[in-house]
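One chain, chain A, links the two complexes that follow: it is found with chain B in the first and with chain C in the second.
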Partner chain A sequence: MHVPDGFISAPVSVAAGVVAATGVAVSLRGARRELDERAAPLAGLVAAFIFAVQMLNFPVASGTSGHLLGGTLAAVLVGPFTAVLCMSVVLLMQGVFFADGGLTALGVNITVMGITTTLVGYGLFKVLVAALPRTRRSVSGAAFVGALVSVPAAACVFTLIYAVGGTTDVALAKVAGAMIGVHVLIGIGEALITAATVSSVLAVRPDLVHGARGLARTLELRDGALPTASAAPTAPAAPTASSTTQA
Partner chain B sequence: MGAGHAHDLYRHADTPLHRLPPQCKLVAVLLFVLAVVATPRDRFWAFGVYALLLAAVAAVGRVPAGYVLRRVVVEIPFVVFAFALPFLASGPTVDVLGVDVSRDGLYGAWNILAKGTLGVVASILLAATTPLRDLLLGMERLRMPQLLVQIMQFMLRYSEVISGETGRMKVARESRGFQARDVRQLPVVAKSAGALFIRSYERGERVHLAMLSRGYTGTMPVVTDVRASAAQWGVSAALPAAAALACAVAWLAGA
Partner chain C sequence: MPIVGTRTLPKIRTRTLLIAGALLALLLAGFVSYYADKNPDGLEKVAADKGIDAKEKDHATADGPLADYSVKGVDNQRLSGGLAGVLGVGATLLVGSGVFWIVKRRGDGGVGDVDGAGSAGSAGSAGGLGGDAAASVADPS
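Up next is the complex of A and B:
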């Protein structure tokens, strides 16, 4: 979905650039709150992770493969502000250093793939987590729905930008149909892999999952008699490596 | 690690273009691409002028044409889209090689191909003549927020480490007989992604602690100062100025 130069008219590209810059500026503030002074190294490493995960292809149907966009995944794992920063940085890198996505279209790309996916995905995730019972399963379920909706939502925003500043005269209905149709399919893949990834991180390091912060039970102090040896206490963040593939 | 990774696109050489401060080149490329995008699509000669300008820049930077062409492949998905346009767009049709195609779609295809290609080539020339680290310093000089620049620095330094881990995990999966055939293999890929996230995050924590123990206070020390003189700004203004002139003439004079 990387938009090249010349696809969207110059004024609209500049306007999208302003939107993207505002979003990034807000996220810079928010990320300091999410990660305090660890923001730079952690957000940098998470951005590198997103970059690597986008290279991880998974099979969709016979012969074709898709890859993750990662907006919702990053938002659930490290928080929405850091996620917007990471996505923006990845897109900026791809635009400036790998010539993937035009420089003037950078604003459009960040608005569509960075900000929209994160906002929609994380917003929906938050609403669902608040509504559902506080279990791990509902956290991954909420991540599934968030990711599922975020990708077609990004396609909708792209179509909207195209309607305002598209440089070709393809009927809007055709563009909308093709974009949203294709991205509903991509969204399903994104949702499956996002939910599975979140649940696998939850199984090993639930404390790292930003979206599951409310899940951990507070440790309670027991007084006096030691528990019997057979009854193992249920510690909230016990690392259990059994259900992961630590290759 | 601190010495600036030579990345995919960079070509080492010592030319006037390589010596120009990164912030000048960044601004020049951005303004150039803006001028290209703002040009009306039916002024074909203007795009010829832009291509000649880029060719001149490539000649100064001694970037061979074959090298640039090999890198242009990132554009392919949109080229495919552009070729579909004449058949998708509505409006009056023209006859090309015996096939009725939309006139407007043809223009649209040309528009995307020309502007997209010029943009890609400009970015390739920028990346081919400027080391990554210098580009980041240039962005910092252009008042990009420090935190953002730091995040990019970390991402760049560690993207090879993380990609390396991804590669090793892939080898480990496949040497245990894993083959990604269809959706049923998705959980395995997802667990790899989860493990990768944990490894990346924990590495980030270790990096942060290592930085703290070396006196990190939230800002990175400035080791190399890349100041640009007025003369250097003047030299780098040549490309966008010429492009802006062509753009202005294209608007005023017509085809």
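Up next is the complex of A and C:
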């Protein structure tokens, strides 16, 4: 979904640049809290992984492909502020070195593919995780839905930016319909890749998944209570804990 | 009742996970990317179909050495694209890790307002260590 130079007018590109710069500045502050000993080494890898997977276009309809955006994936793995920074690094590298995404459109691209996907995807993820049972499967499922919705959401924000500053005069209903339609399909691929990656990391190192920290804490408290507690009080907890962990 | 024996797969070390992840990223960008769908992506297709791209400008670095994910001067498509992918993954890893290292150092710094964040972070790590310990207790090996 990389917007090239010339799609969006200069003033609106500058305005999107201000939005993107603000988002990055806020994220630089917020990421300090997210980047502890565990998350910091993982964050650079998440950016590199998203760069790699963005190269893997998959077919979505006749003559059309799509690729991962990655905002939801990054946010679930390393936290939302760090995710915005991951996406900004990826988009910067792509724009500067690979001629993918216009340099004057960098602000538009960070706003659409970095900030929007992270806000919508991670926001939805958090709501779902709070509502669902505390299991690994819930975390993967919530990541799936967050990623699924984040892509058409990004298409909506692109359409809004086009509505304000498009250099061409195409009927908005046409743009919105086509953009959202194809990006719902791309969202399915985004959701599959996101859920597969999140559940893979959850399977080997659940403690490294930012979005599963509440889950880890629950298990830990129950574990911690075990040695001192008598058999009777732990018995009711056992089925819950084991079903939690098998999920 | 071994409630602590929660992990379905053996827990792997952070370093192992990072190396495996980096190798996977290199494999995907360096090799698998050759098989990616070459059709225009969603935005490119919509733009071409509806005429949004009428005033598109050439990219400022369209003639750059890595433009369009191929290394200039390397004619073999598989090699050119693969090499570009590997370079991209390496560069993103370097720049990303550099940025996060700096951000983390600032977070760890002794500046007043950072204190709260720092202690919150270490509380989180402590919790994690507790979890790790519980897991290793359960590990039969």
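Here are some notes:
Rule of thumb we're sticking to: the second predicted complex is superposed on the first by the 197 of 247 C-alpha atoms of A that agree within 3 Å, B and C clash if a C-alpha of one lies under 4 Å from a C-alpha of the other, contacts with A are read in each partner's own complex, and residues count from 1 in each chain.
FYI, a residue touches a chain if its C-beta (ideal position, glycine included) is under 8 Å from a C-beta of that chain, and two chains touch if they have at least 3 such contacts.
Since the model is a prediction, treat every value here as computed from it, not as a measurement.
In the superposed model, A:V19 lies in contact with neither chain B nor chain C. In the superposition on chain A, contact of A:F158 is made with chain C only, not with chain B.
In the superposed pair of complexes, A:M93 makes contact with chain B and with chain C alike.
Within the superposed three-chain model, A:I186 lies in touch with chain C and out of touch with chain B [touch as defined at top]. When the two structures are aligned on the shared chain, A:F7 is found in touch with chain B and with chain C. Contacts of A:L77 after superposition on the shared chain: chain B is touched, whereas chain C is not.
Where the contact sets of chain A with chain B and with chain C meet, they give residues 4-7, 28, 31-32, 37-38, 40-49, 51-53, 55-60, 65, 85-86, 89-90, 92-93, 96-100, 102-103, 167-168, 170, 174, 201, 204-205, 208, 245-246. Those residues of chain B whose C-beta lies close enough to touch chain A in the complex are 7-9, 29-30, 33-34, 36-38, 41, 71, 74-75, 78, 85, 88-91, 102, 104-105, 107-109, 111-112, 114-116, 118-120, 122-124, 126-127, 132, 135, 145, 147-148, 150-159, 161-163, 165-166, 168-169, 172-173, 176, 180-183, 185-198, 200-201, 203-205, 207-208, 211, 218. For chain C in complex with chain A, the touching residues are 1, 3-4, 6-12, 14, 17-18, 21-22, 24-26, 28-29, 32-33, 36-43, 45-47, 49-62, 64, 66-69, 84-85, 87-101, 103-104, 106-107, 114, 117, 120-122, 124-125, 127-128, 130-132, 134. Across the complex, chain A meets chain C through its residues 1-7, 28, 31-33, 35-38, 40-49, 51-53, 55-60, 63-67, 82, 85-86, 89-90, 92-94, 96-100, 102-103, 155, 158, 162, 166-168, 170, 174-175, 178-179, 182-183, 185-186, 201, 203-208, 213, 216-217, 219-220, 222-224, 226, 234-235, 237-238, 241-242, 245-246.
By the touch rule above, chain A contacts chain B in their complex via residues 4-7, 9-10, 13, 24-25, 28, 31-32, 37-49, 51-53, 55-62, 65, 68, 73, 77-78, 85-86, 89-90, 92-93, 95-100, 102-105, 167-171, 174, 192-193, 195-201, 204-205, 208, 244-247.
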